[in-house]
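Order of writing sets the chain letters: A, B, C and D. Residues in each chain are counted from 1.
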Amino acid sequence: MDFTFDARTEELREKLLAFMAEHVYPAEPVFHEQLAERENPWTSVPVVEELKAEARKRGLWNFFLPGEHGAGLTNLQYAPLAEITGRSPSLAPIALNCAAPDTGNMEVLAMFGNEQQRKQWLQPLLDGEIRSAFAMTEPDVASSDARNIATRIRRDGADYVINGRKWYISGAMNPNCRIFIVMGKTDPDAEPHRQQSMILVPRDTPGVHVKRGMHVFGYTDGDHGGHAEVVFDDARVPAENLIAEEGSGFAIAQARLGPGRIHHCMRLIGMAERAIELMCRRAVSREAFGKALAQQDVIQEWIAEARVRVEQLRLLVLKTAWLMDTKGNKGAHTEIQAIKIATPASVEWILDKAIQTHGAGGVSQDFPLAELWAAARMLRLADGPDEVHKRSLARRELKRYL
Amino acid sequence: MDFTFDARTEELREKLLAFMAEHVYPAEPVFHEQLAERENPWTSVPVVEELKAEARKRGLWNFFLPGEHGAGLTNLQYAPLAEITGRSPSLAPIALNCAAPDTGNMEVLAMFGNEQQRKQWLQPLLDGEIRSAFAMTEPDVASSDARNIATRIRRDGADYVINGRKWYISGAMNPNCRIFIVMGKTDPDAEPHRQQSMILVPRDTPGVHVKRGMHVFGYTDGDHGGHAEVVFDDARVPAENLIAEEGSGFAIAQARLGPGRIHHCMRLIGMAERAIELMCRRAVSREAFGKALAQQDVIQEWIAEARVRVEQLRLLVLKTAWLMDTKGNKGAHTEIQAIKIATPASVEWILDKAIQTHGAGGVSQDFPLAELWAAARMLRLADGPDEVHKRSLARRELKRYL
Amino acid sequence: MDFTFDARTEELREKLLAFMAEHVYPAEPVFHEQLAERENPWTSVPVVEELKAEARKRGLWNFFLPGEHGAGLTNLQYAPLAEITGRSPSLAPIALNCAAPDTGNMEVLAMFGNEQQRKQWLQPLLDGEIRSAFAMTEPDVASSDARNIATRIRRDGADYVINGRKWYISGAMNPNCRIFIVMGKTDPDAEPHRQQSMILVPRDTPGVHVKRGMHVFGYTDGDHGGHAEVVFDDARVPAENLIAEEGSGFAIAQARLGPGRIHHCMRLIGMAERAIELMCRRAVSREAFGKALAQQDVIQEWIAEARVRVEQLRLLVLKTAWLMDTKGNKGAHTEIQAIKIATPASVEWILDKAIQTHGAGGVSQDFPLAELWAAARMLRLADGPDEVHKRSLARRELKRYL
Amino acid sequence: MDFTFDARTEELREKLLAFMAEHVYPAEPVFHEQLAERENPWTSVPVVEELKAEARKRGLWNFFLPGEHGAGLTNLQYAPLAEITGRSPSLAPIALNCAAPDTGNMEVLAMFGNEQQRKQWLQPLLDGEIRSAFAMTEPDVASSDARNIATRIRRDGADYVINGRKWYISGAMNPNCRIFIVMGKTDPDAEPHRQQSMILVPRDTPGVHVKRGMHVFGYTDGDHGGHAEVVFDDARVPAENLIAEEGSGFAIAQARLGPGRIHHCMRLIGMAERAIELMCRRAVSREAFGKALAQQDVIQEWIAEARVRVEQLRLLVLKTAWLMDTKGNKGAHTEIQAIKIATPASVEWILDKAIQTHGAGGVSQDFPLAELWAAARMLRLADGPDEVHKRSLARRELKRYL
């Protein structure tokens, strides 16, 4: 269990910290101005493209992707870098082409796509030219149980025809989100884990209706393409668009979710560090009832508790990354669930205290805290609610005594 | 300590419940459609005016205001009615002309305004024709300590000239918000509790700049006029606009906040009841992993805990109302703080669990839960953050042992 | 919903407060000395008998028992009196002959006992001459589900013969605990709610083996007769000892537990008030790091939170008492569960904070806090663990939506 | 940051696990029988001496002590071993001569004692022949601020004369506890951190009065010598008994507490693992309301939460050990405080849930859970209450922004 940062990690951290200081943090106010001014509330803005160009030039690109297609980092190498990007989560991950859901989609294509699929869709994604969506969650079923997914993918001659309703399809409101990976049932009569398949559906396919952006608390997340409700109404694509084989959808989803969860957790830790920094800065600079907030025991307790929690979370995330590297995603199953359970809830708590320290400013658009809070809160639901992961983890623990 | 609902309360409850069932709940979807369609994102919409007309016709009007100007109810009579309106907090309070901040402003005018002020501003407010704002909080000071308020109200001949920056001025983005009650310093050299005064500043006064709407977790609260940042730049009003006398601002603020706090708590309880209802309905209708959510122990725990908390909160609010009626606001000081501490935090917890029960829908615009959550969360800061009230309550408790 | 204390309550409160001040509090150190000196660690001590005599002389006796046999108080009248006794829970309840488990046993005898049973056992209990035990809980089954109780009560001619193992039989280590009400199965083949019966078993019956005292966090509770493990090994009693009729055990248990639960909650509130008082006294008198504990925000937060919780609990207990008086125990079913869920947990929290304020003294025998904590903690298990009550309450709530 | 167990650690772990399985766990019931039968409630029992002999024979001895006097392990090597001993905390640490407070006292003597002191006291302690106490805490001052310690150590010719009152002096009730390290003021007029000194006071010194055993909840901890109140009344010892030099007491105390805190945390993690194991075993074997406890979601949530917390705690303890080894105790200051804040509170929570899963058995003497709980709870106070550590840690965090 060795979490030491190796030379490559240290070098990339240094480069990334410089990029954050020189480009990302200064871009934050510009970003918000450009967002306010754009016409289409779902498109990206120029400063993001500038950051992408600069990051790529500096060799800060596609860190998330192991293997030949990406930067080839291990999870343990990527973890501290992803944490740093979490400090500015609207800008830094996308600047490095490391933003969800594209990351997961690129992984799926790299691992399970055929050559043609990789050429057509993976390459422009790796180049940051287009964006993509992962269409799994449905409004009408408890989607935390992937076997419930009801969208129908029916074979019809040389095509598949897709019918169903999806929502919270992140990124899909952005017109540059050109390709959807859709999960649905190809064989409702197969055994439960073999009913689902994944298929590539280009945005401009007839029968694909992007209806509206779903909200997260009051946020539309328009800066990264929102969360769309999408209806597939007899959407027809060639059979070659199927990823891997019929019935492999559940297995691919599982493979995709492990890395996705740890990436979220890494970034959440960066968000927590940002929150602690803001909380401390506010506490030393603001006075109430005759003394600085920093001198109030209650606020000191929050800061201490936040620090103690973050240290624990980071170590568990590092251990998980190390396990994934050394024993594979399956060998890290318990730990991936553990960080998914612990991180969003703890970071939500830290953000709440940072908000409280900022008074009304804390809930406003003048500080990033409220929006970060909503993101952390959402992650107690996304990729399976806390309760599902807890039950599953507990059952594995209990099995040892049966 | 008698909380029995008297005959008048029972009669009004019955009428109000009928109004809710027949008009308010059916208006909710219409309201959201009209909001989406309006051009100015800060104005009211037609269905609200229709509800107001209907409510007034039914004698459901100005319940909040004791004395001759309002319905003449006691706090104990008003409490169960305000709770009911809290079940649809965007529509029912305004429909009955019982929405903050107008309620507090009408109280100030009724108690402290002179005849001319009451005629010019109180009457149209009582008639629901215009709206009003209370400009106290400032971005640059810890406004929970009212003595910090730094806006300057300087006498200049027959006028007062106002300079300062305010924010989170609820309702002020609505163009029909015609009058601001502004708190500021008339005499910075007086002893701390006599430095502040309140003054009436019409919206169209030169030098009044309504700059932007502040957010609350992404919500603009545009449906009730948002939360404005307002700059007063040499805004000049006649000296007669002063409310009561110079130096009385702190005392008026205290008088205004007591009822304001209990009204918020009453409505929060209605919000909690709505959340429990939604949580139960979801739990019985949604299946996951082979059984209804309602059969999961964890969700049963949430429901039980929610019920147990609401019962306690309601009783404490009723006791507080009864104390205000029998011993005055001062005699209920501890209890007003107690409900301000307990209610937003408990209701926030309940809403969080209701959200979790709804999955992604819980954070969306398709259910009212996330927006209610943001309102409850905001109330852990508004009118003084929890920490300030706790310290103050504890000091009174400790005094008994000194 | 009228919780006003009537004239009789006010008069008894005054008398009881005088008795507490003049006799009970002064007796506390004497009590602990006498406990340390007694030879049998399970017997009562002289000061308790003196307090009983004094209380009875003052008309402070058998408050708990409605109807002709007791003081004839309503639950609402008894509630504030029981709360006061909770401030000194080792002495005051027993001094007034209002201590569990005798209270519940007297209720059972008064309601369900026949004339002979009442004469032989109820009368000396009402006179405070003997003590009694309620033998229900068993080590080998989840006794929160009363239908699990496995002790066998077998008819054999003119007798019943009892076999089984019980534990946590409170009071039974005291040699003056002369009579056990034993719950067990008379007909294992009846439908689940008709299998159980209750029977009177005198302590000196051959086959009754009082084995050992069970602990509660290291406490033996020897001052009120401990918590015994008792084995019934062919214990034979005359058939007349059966209470009511065969198969009525479950119903009697239910009838007994409602009042028992509210009495515990009433006393817990008195314990919480004692804890707040001790916490405040400590906070004003102890200095650390240059200021009184009372000036630390964190301790102020604890005190405020404690006060806010106690106010809510008391009101819910009063409402429950009022409901029991006006609608019967069945009509108060939800509220009885609600206070059983809320009170021990909240009071445990308050005691924890009071302990923390006292440093090492808080966990010691020099302050009553640690022992009170253990009592509160035990009540999250006794008479059904929290989880069972929450599930049951939630199911009733959910039923409204099915 | 490399936490890999090296070869020596792995070898010792294997040996220790074998010793636990073959000797310690089987000795637990014997231990309790012998405790119940001994005459002096403060002495050790034969089975403990047998375990010590066996452990020493197996080379499982004095693991805690770095350097030539002990086993020479690093903190990182010791951590997993100490954790294992925490699974049976009444037997395993003492069996390996690794029990507090002797461990800390041996460290003090090894680091600061002169040759004569080491020969006379360290050697028999290293051999497990005698026991020792650390007399720091006083009832009359907030001892978390070591500068408050008021006991007077006055130079008188060739002697020092000691006057003062101490309590919670762990181990001191055991007659074989032969030597006390006493902290007190040699120079009340020196600057605050130079007023205190430490001095060796043999138990049989005239003027040393061991008054009584203090309780922790209901426990006397008699099996390891209890927690004594000790009065020093003109106790006179030769000046050579002073440890190091006058004024060095505060510094020695600081040096002693770092390792002491991490040892406690290591063992607490073992206690938590034991609790999880017991909770799981109970859950799979006990039925209530028609299904095994293990099938209830609520209990699954507890188990999952417990597992997630323990994993985080262990990693933070390992990191702290690694830091102490690589950067010294000062370099690990923040982390030592972090584990002192996090571990007792989290383990207390886990034990509470394990207790709840066991019903009444959980609070009884038939399972170790309640006693372990009391030990964990005590550690939220011992060596400085949580609040003191949180404030201190927060101030260091805040300093970065001043």
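Here, a contact is a pair of C-beta atoms (placed from the backbone, for glycine too) under 8 Å apart; a residue touches a chain by one contact, two chains touch by 3 or more.
This is a predicted model, so every value here is computed, not measured.
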| item | value |
| --- | --- |
| Most widely separated chain from chain A, with each centre as the mean of CA atoms | C |
| Of A-D and B-D, pair with higher C-beta contact tally | A-D |
| Separation of mean Cα positions, chain D and chain C [Å, integer] | 37 |
| For chain B paired with chain D, centre-to-centre distance based on mean C-alpha positions, whole Å | 53 |
| Cα-centroid distance, chain A relative to chain D, in whole angstrom | 44 |
| Sites on chain B at which at least two other chains make contact | 296-298, 301, 387 |
| Chain A contact footprint on chain C (complex, rising order) | 296-298, 301 |
| Chain B residues within the chain A interface of the complex | 137, 139, 142-145, 148, 167-168, 214-220, 286-289, 296, 298, 356, 359-366, 370-371, 373-374, 377-378, 380-382, 385-388 |
| Interfacial residue positions of chain B with respect to chain C in the complex | 1-4, 276-277, 280-281, 283-284, 294, 297, 299-301, 303-305, 307-309, 311-313, 315-316, 318-319, 334-335, 338, 341-342, 387, 389-391, 393-395, 397-398, 400-402 |
